[in-house]
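One chain, chain A, links the two complexes that follow: it is found with chain B in the first and with chain C in the second.
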Partner chain A sequence: MSFSVSQHGDVAIIDVEGQLVVSNRQELKQRVLDEVDKGTTKVLVDFAHAGYIDSSGLGVLVSLAKRIRETGGDLRLANLNEDLQTLFELTKLDTLFQISETRDGALASF
Partner chain B sequence: MGEVRDALAQARLEAQAANAELLERWEEINLLYSIGDILGRTLDLSDAARTILAAISDTVGAGRGGIFVYEQSSGLLRPLTVQGVDAKLVAPVAVDDASSLVARTYRARHAMLESSVPGDTSDLALRRGPVLAVPVMWKSPQDGPVALGVVLLSDKRSDMGFTASDEKLVSAIAAQIGTAIQIEGLVRASVAQQRLAHEMQLAHELQMRLLPATTVVSPEASCAARVAPAQSVGGDFYHLFRLADGRTGVLIGDVSSHGYQAALIMALTMSAMAIHAQATVDPAVAVQALYASLADELRQTEMFLSLCYVVVDPAARTVCYTNTGHPHAFIVAADGTVQRLDATDPPLGLGGDAPHSAVLPWTPGSDLLVLFTDGISDARDDAGVALGEARVLDVVRARRHDAPARVVDGVFSLLEGHMSGMAPADDQAIVVLRS
Partner chain C sequence: MIAGEMERDTETLDVRISSDVRHIDMVVADIVRLAASWEYQRKHLALNLPVALTEALSNAILRGNREDPAKSVRVRAELTAERLVVEVSDEGVGFDLAACTADPTAAGNIMREDGRGLFLMQKLMTRVERFTDGGNVVRLVLHRG
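Moving on to the complex of A and B:
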């Protein structure tokens, strides 16, 4: 499991590979906050290569989204597989995040 | 006869010489034995060091001395004990201090002799006349020789200065001190670990005691529940309330983390909900009041709380519930149909509107309320495959006519078989109730 960071215009894109769980959530948090410290206000987390998020992983996404929104920016999500989409719906977290089916769709939404 | 007499005389002379040497070295041999004895009898390194330094100083005739031990966290060589001067005058020495013979000996990892005292040395208080400094070494099985500190001696009483023989003797003693330092460190770490394990066990027992007995809701309801934290303490919990007019309140919760911070939120939730649940039969009102009690703590810890609070009302044949992002909440009917209690709101701690409530029909005496956390459905086997919600519900359906305790046992048997002895990565909790 790992995270890679790339830039598309003024949007920082974080690709999650594998899982977002209790053991690596702090790493994701740090990678995103590093981008925020550089002045980025638009962050896209792409789950195209991720299969599972536990409650701690959801927690870190929520915490980051709150932090970024406080600075006038936004954190958005893309490419949730069916299980992850269901998870966001069952927990009502889909009401708190803007979720796009594709990376391009998410980038266009900013 | 003459040859025999000469041989006897020669042997007598050799015996006398050996005796004389033995007497001469007696103090040193005795010192080595007594130091082994001192170190063997004590676990207080400072006390042992004081006694040893006094014995060494006496044997080699040094008026002043000190034993310094390296402290990794500060990069300092700290005096463990000093002899012949006021301890307040002897400061810790930085390991990279170029003027200090203690620091230089530590870095060089071999003994050093200096005959005069340079004016600007930071070891000044301990030095008078010739000085002998010997590193305290320990042979690590993995890394070979490791320097742990330094023995420094000065103010030699004879004019000869320190001899090679003194150096050998002090080096032999320093090796014993090195072993003692290492053993003391291991003992201290082991004691700290035991204490931590004991405290975590106490915290676990305390947390388990916060969970109510399932009999608190009888006779109106029969209930079974189980919580298995991933660490000694965790963030999954349940609570039960016997409410007015035959109603029963059932709460399950999952704090978005593990460990003691999650356990703290859990404890706060348990105590706050005990107050708010008794004040109203409307779950949304109770959960809103709960959130007001927890908001500051959730904000400070960046945690959130998914919970489902259900008020079962057999007289009205309904359940009224508020579900803040808790995915696994169900009513399993006698015919095996499963109705999910859909989330009414996102988890607590994310801001948003006041929580909502929803109502579903309830068949008294036969419907089962089944609430569990994602630590159960997401539990992985050794190939990394999740147990899945559907398999949990299959077990519940198969035992839906049994007592709630049998249902909980069935789910945990399935879970344990799936995990085949692996430690859970997440807290696991389940509550099953019939009323």
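Moving on to the complex of A and C:
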């Protein structure tokens, strides 16, 4: 389980490797907030290499989206596999986030 | 049945962990591995089981035991070809399952950061029960289907 941060133009990209769960959600939150503190307003979380997400992980994404939207920016998601898509649909969080099928599609959407 | 293969009717796992969320992944992986050996559905192994188990364990550690290092969480799993039953016991006072399951998809709740754990357990398992048995127990039942 790890997170890596990269920059593409003015978009900060967070790659999630493995699970996003109660034991590591604070690490993701801090990584994103570090980028926000540097002035980043566009954040993409890429789940191409992610495992499952629990309610704590979903909660952190909601929390970060609220925070970033307050600054006029947005947090968007890409590469949800079928299982993660199910999770977002069950919780209706697919209506809260802009979700792209690919990283390029998400980057182009900003 | 392959010659020499032991026929299994039931398989069980019984572990106790301290109240630290860092132990959750290990227990979840053990139970998912067990279910995989019984050829449970791919989606059950990748989504339903790990997410529901993580929710039950984190509830037990964070809310039941309030991360008290002196308290532990017991996890008992029983698998058959038909179903998986997991009981997660903590040392807390328990809670009312129905009263604690607000709909997180309601318009007023969708932006909340919390409140999805019990909802997900109930959506992803065949049945979720809570009872007291010398401790607070959440029982998850998943039919193999």
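In this text, the second predicted complex is superposed on the first by the 110 of 110 C-alpha atoms of A that agree within 3 Å, B and C clash if a C-alpha of one lies under 4 Å from a C-alpha of the other, contacts with A are read in each partner's own complex, and residues count from 1 in each chain.
In this text, contacts are C-beta pairs under 8 Å (C-beta built on N, C-alpha and C of every residue); 3 or more make two chains touch, one makes a residue touch a chain.
Please read all numbers here as calculations on a predicted model, not as lab measurements.
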{"item": "Joint occupancy of chain A by chain B and chain C, clash or fit", "value": "clash"}
{"item": "Contacts of A:62 with chain B and chain C, given as first, second, both or neither", "value": "both"}
{"item": "Which of chain B and chain C A:93 touches, first, second, both or neither", "value": "both"}
{"item": "Of chain B and chain C, the chain that contacts the larger number of chain A residues", "value": "C"}
{"item": "Which of chain B and chain C A:22 touches, first, second, both or neither", "value": "both"}
{"item": "First, second, both or neither for A:36, with chain B first and chain C second", "value": "neither"}
{"item": "Touching partner for A:5 - first (chain B), second (chain C), both, neither", "value": "neither"}
{"item": "Which superposed partner A:52 touches (first chain B, second chain C, both, neither)", "value": "both"}
{"item": "Chain B region in steric overlap with chain C, selected from 203-211, 275-283 or 311-319", "value": "203-211"}
{"item": "Chain B and chain C contact sites that coincide on chain A, given as residue numbers", "value": "21-22, 52, 54-56, 58-59, 62-63, 66, 87, 90-93, 95-96"}
{"item": "Chain C-facing residues of chain A, complex", "value": "1, 19, 21-23, 51-56, 58-60, 62-63, 66, 83, 86-87, 90-93, 95-96"}
{"item": "Contacting residues of chain C [partner chain A, same complex]", "value": "21-22, 24-25, 43, 46-47, 50-51, 54-55, 58, 62, 104-105, 110-117, 119-120, 123-124"}
{"item": "Interface residues, chain A side, partner chain B - complex", "value": "21-22, 52, 54-56, 58-59, 62-63, 66, 87, 90-93, 95-96"}
{"item": "Chain A partner contacts - residues on chain B that touch it in the complex", "value": "254, 256-258, 302-304, 306, 324-327, 342-347, 349-352, 374, 378, 386, 425-426"}
